[in-house]
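Following this message is one structure expressed as structure tokens.
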């Protein structure tokens, strides 16, 4: 017994570093797991590996430049970030956005939601070992990226909105392509479900895993699908409608048990609801300008405002203070849904097995770019 | 050298047995002591098989089956005890196992 | 001739590996030597026309029991030297000497009596209605030695339960 | 001399090389099949339809730098992949690929036991790899893997007992001949055993959905995390060789080995023009395809669920199957 | 009839289902359903079997299921015998009657229990039915068993179930203790029984009842000598005494009333306690060959009957009264067997099963209604609240008191008649007991059902309407909110009514010749009590001396008179002058003074009967407590005294020696302690040294050529 590689079994507790380089921590999340055998006794969630200081940086950029920075937060749902920021500034400056612009914004946000959920579904299934779903989901996400490319020229960081409206109107025939995509997507969702929803192994891996009660979910400040999974009705699109959501008819799916399976079902249902919203928006797309009346130089008067939207991950809020003198914000603060949902990871993980940890990281759907900013 | 007879096997068995005995008596790592015991059991098995071969009677081999069963039982219980002991004393040194309770 | 060479090769391997098992500093190495030793013994069994036992030797000893040792060694991962502490009252030298003496004496007896080896009459052949090593062994086990066989199975069951009980963490 | 030494040696040489080549192509097949399942193309660049990928991959692996971690136990670190690969190859010695003597190396009277015994040696490679790497994840993974292997070995062995009871012999050739005599493949009398062996085989080869020991998402690659180059490729070879072994064993035990369907039905004798080894490899190919298909389809079990499946479901069913088989055998 | 083995097995299956699966998974309804269904099934089977038996030519049927114990050679008095026990069941008139009783009453009690126990938590409820079914399984095995050993299985099994059921509320210390007491006291009897079985095998080389009987019939009657038959019978009788709660082993039965009431009814009144009587009847041939033991049986029986009856007079706990009454009635049965009237004993056993089960269930109903109150002093006037229970219990009491034409009259009278023929003294005691029986039973009825309500008040005491309403939905747990006494649900009253009918009519199967009947049951049962050879050869020779019918009727009239007297007395004391009896009951310690000073009008009664019996009862009770306990205490004292002596011896002589040895060891161990290192390997070296020595010796011997 000369070599003693690790004090693995010397104590009942084994400390394992999961990440920051780990295939299933979705980026650079680091978990310090304290294990009892295979069971997680405690976990330290360490983050900040991709902190770029976006909030501080924004206080030294002018109002339009910041849009570009918001792209870099939730990089799988950049358009949603743009939307949230632009609407906040519009609220601060009391700018009226043309109806057509609001409709297109809604379409973009919902496409973005589908794309984000596709990525989530793929990686989540991959974490649990179902590798085929990953490629299927990415196949559909690719179509969305193509749509975005056609709209704004970029595939990931779109920089697709402006304060007061949109920089561009939609290209000719784009709406038909979106419609076609909706049909494709509607056909593909059952395909995912076929692979997973009733799969015994999938059920065993997700049912009853990471159960969180409604009280706890609220107490932890969870938002988005993790919150709705625990049967709490909260959706900014319904509660405080923005863009054009008040004009559309859609439902907010709710879970019952608050486990990983419920959260999975909710996101799958959100695919369908998003398609429904997009179709309604395309049907009722009004004519008109896409840019409102906006001064050349954006310079809001002194004041502060908070505005939240429902990003694919949950409630994405911006808090902006303007001192009314400079052409940049005095204070810029983001409430990123991933960050808040990450609070829930520790209570979710404790008591589960190591193998469940990856499933649970997946189920709360974090994007580290947003967490660390 | 010459024809191989049962005596050769028996001598081999005796030698293997003695090595096992030495292992049991000299080593202080209880796991190695257990392995030395396995060696001794194997020495016995060789003996049994050799004589079964000589006498053309399979009863010797039957007993080898039983010896293997006993060895398996011994290993399971013995290693269980070692684990339980290790959990309490953090050692596998037989010289530190000199009290009946602690 | 081939048998002679084979036997001596195997003997040297078996004894040499056994010595290595007993002398190896690292427990894991020791276990590996033990496995190889057992494989050699299995070959010896094949030479002695006990194919079933050879396979069982590999399956149970090498594939089962020694794996258990290996796993336990990994579970019992020591920080320090396993044999650091030595009790001054140990009699290992006397033990070594005695073991050597016994070996010599046994060898003496065997060599002394080897002349009479041929004189031992072959015992009556077992009257089993089946042919072949495995079949005959099975016949014996399930007829004449049925009760010992069952007892052995009970022993294994008890050992299994005991091992689970012992190795379990606090109840 | 020629019969006893040269021909067997030649056979062994052909067999070992054949297996190794087959493994590389199995890897290619897996990549292609999974790619098709996932609506991709898979490797396409090297050779027509990427066929030469099977040759390029091993070359790449051999040429890669072979790293030994500084604090690893060098001897063990080197020995582990060898210990893993050798049993996987040895097993093929008793697999009859065809009806003729040409197609198997040897036929021993304890053939099936031999396979079980030798495969059980393969555990050492995995445990030692984890231990010698001197790293946490590999060690954890190797303990998992060995526990899994041993558990499922019990289940598979118990299941095989019922097949042995049906066939009345331990010899691989004998089992196929028993099926010929019976006139039907044993799959039709032992469907439960077939399913059990298939599941157990999946688990013993650490394939999806039982691939926790090498679950990338959880343990960053399992027991061979620290390996690279040639030594890594040996683990790789061992895994796929084991896959071949399981397919071959399943074919021999349940699907009549080299026999055509319904070997006793004279009406089907026109099928005999297909050589026996084609039947064998065809069936084996079918099972390889099944393994790959399963991998493409199913998520992964959790470790405790896997152990529960092994101990609480498979083993009891296997025991029940033995009892039923024995009763039926006695009654008939 | 070949399916009679199913009769015991069905409840066994029910018990297994409820015990293995039910405790975890079954709901109350399912558990009770299974238990009742299995019992119902075996009841049906029993009825079929019995009907077939009635129609059969040869009224005996043996079904063997196979070997239990394969033949083992064992020493007997006639050299080696084959000790072989098959799983064999025998259906003959006696066991046929018994299975009807057990399954019939068992089934009713199962039904009753499903309502009575409804307040139990689910687990306990299922457990109860599991035990109850298990009991029936064992009881039926006991009854149907065709050899002593199979019977012994049932015998021990019912003991076990009795223990389990008495201690059913095991969290209550008194219940757990009572269970233990019953179990331990029974073991004393079982010891005798098992010794008897050993001796039977040693003597006859077989354990089959029929073969034993045949063999025993060949032996001479041991009139003057105390031979092996007498020994066997004595040992068997000890077993019967334990199981059937006779002197001196009756003490457990009153305590057994700690168990749930249906249990008391089924086990401690109707079936298990009669097993002793059944066993003696089963071995009638043996006992007939040992007259000395017969006398003993009769004496023990009548003394028990009297003693228990006297004790019963003064009890206030409703179940205790019934318990002592049971002991008393069992005494009757033994009296009957003792005087050779085995059929009469069996007859009484049957009628007793009906009316005593009825009484117990009725009392259970009352207790249930009174929110688990068992003290009769706190009842009264219940007939208003629970008419069905009152009527049925009244029928039961009339039956037990021996009022014609209820069942108890016929069976009891048959016993009295046969006793009168045999021994006048025993008859006198028996008649006295009969009177007391009538008294205390009606005391119970009057105290419980007549007079003023004396119990605690309940929530909204607004009259009978409310109480009557309450009966319908008492299922919602009246333990929490008790709304006063009420009638029990139909599941409980149903069995009561059925049993009441039984108590009325069961006697008609044995109407004696004197009253124009033909005593059908006696002729039916007779084959079971004689050896087969005897039955054929001595047909008709088995006649006993007869009295004229007129004299017989006179005897009957006398006993009825006695009973009537008892009833009248009870009526007087507890209905017409309830305040007196109350005083009497409350001033229990000074009963004598109270009686002489206050009851001027009833002076004559008091001075002669009441005081005498009360005093006698008290005296006997005191004897029980002072003499018996005194003996025990004396033994204790003696033990202490001798312990002191031995203590002194111990301290100075023995300890001295021990200390000396210890001192020597301690001093000497300085030398040996060195070797005791705790190092295992050093010990192994020692072992190796032993091997070395042996091998050396062998080697030297070889070389020297020894």
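Think of it as A, B, C, D and E in the order they're written, each chain with its own count starting at 1.
Convention: a residue touches a chain if its C-beta (ideal position, glycine included) is under 8 Å from a C-beta of that chain, and two chains touch if they have at least 3 such contacts.
Chains and their UniProt names: A = NADH-quinone oxidoreductase subunit D domain-containing protein; C = NADH-quinone oxidoreductase subunit J.
Every value quoted in this text rests on a predicted model; they were computed, and no experiment measured them.
Student: For chain B and chain C, what is the smallest step count along a path of chains that touch one another?
Tutor: Each step joins two touching chains, and the minimum needed here is 1.
Student: When the contacting C-beta pairs are counted for B-E and for C-D, which pair yields the higher total?
Tutor: Of B-E and C-D, more C-beta pairs in contact link C-D.
Student: In whole angstrom, how far does the Cα centroid of chain C sit from the Cα centroid of chain E?
Tutor: The mean C-alpha positions of chain C and chain E differ by 63 Å.
Student: Need the CA-centroid distance for the pair chain A / chain D, whole Å please.
Tutor: 43
Student: Taking the mean of the C-alpha atoms as each chain's centre, how many Å separate chain D from chain E?
Tutor: Going by mean C-alpha positions, chain D sits 69 Å from chain E.
Student: Quick check on chain B: which residues sit in contact with 2+ other chains?
Tutor: Only 21, 25, 29, 90, 92, 95, 98 qualify.
Student: What are the residue numbers in chain E that touch two or more other chains?
Tutor: Each of 677, 679, 681, 684-685, 688 in chain E touches at least two other chains.
Student: Note the residues in chain D that touch 2 or more other chains, in rising order.
Tutor: Residues 73, 131, 139 of chain D touch two or more partner chains.
Student: So in the complex, the part of chain B that touches chain C is made up of which residues?
Tutor: Touching chain C: residues 1-12, 14-23, 25-29, 31-32, 34-36, 38-39, 42, 45-46, 49-50, 52-59, 61-62, 64-66, 68-77, 79-84, 86-87, 90-93, 95-96, 98 of chain B.
Student: Write out the stretch or stretches of chain B touching chain E in their complex.
Tutor: Per the stated touch rule, the residues are 21, 24-25, 33, 94-95, 97-99.
Student: Spell out the residues on chain A that touch chain D in their complex, using ranges where they run on.
Tutor: Touching chain D from chain A are residues 3, 5-6, 8, 14, 16, 22-24, 38, 125-132, 134-136, 139, 195-196, 199, 201-202, 204-205, 353-358.
Student: Touching residues of chain D toward chain A in the complex: what are they?
Tutor: 34, 37-40, 71, 73, 131, 134-137, 139-140, 208-209, 211-212, 215-218, 220, 295-305
Student: Would you mind writing out the residues of chain C in touch with chain B in their complex?
Tutor: Interface residues on chain C, with respect to chain B: 3-4, 7-8, 11, 14-15, 18-19, 21-22, 24, 27, 30-31, 34, 37-38, 41, 44-45, 48-50, 52-53, 56-57, 60-61, 64-66, 68-69, 72-73, 75-76, 78, 82-87, 90, 92, 95-96, 98-100, 102-103, 106-107, 110-111, 114, 117, 120, 122-126, 133, 136-137, 140-141, 144-145, 148-149, 152-153, 155-156, 158-160, 162-167, 169.
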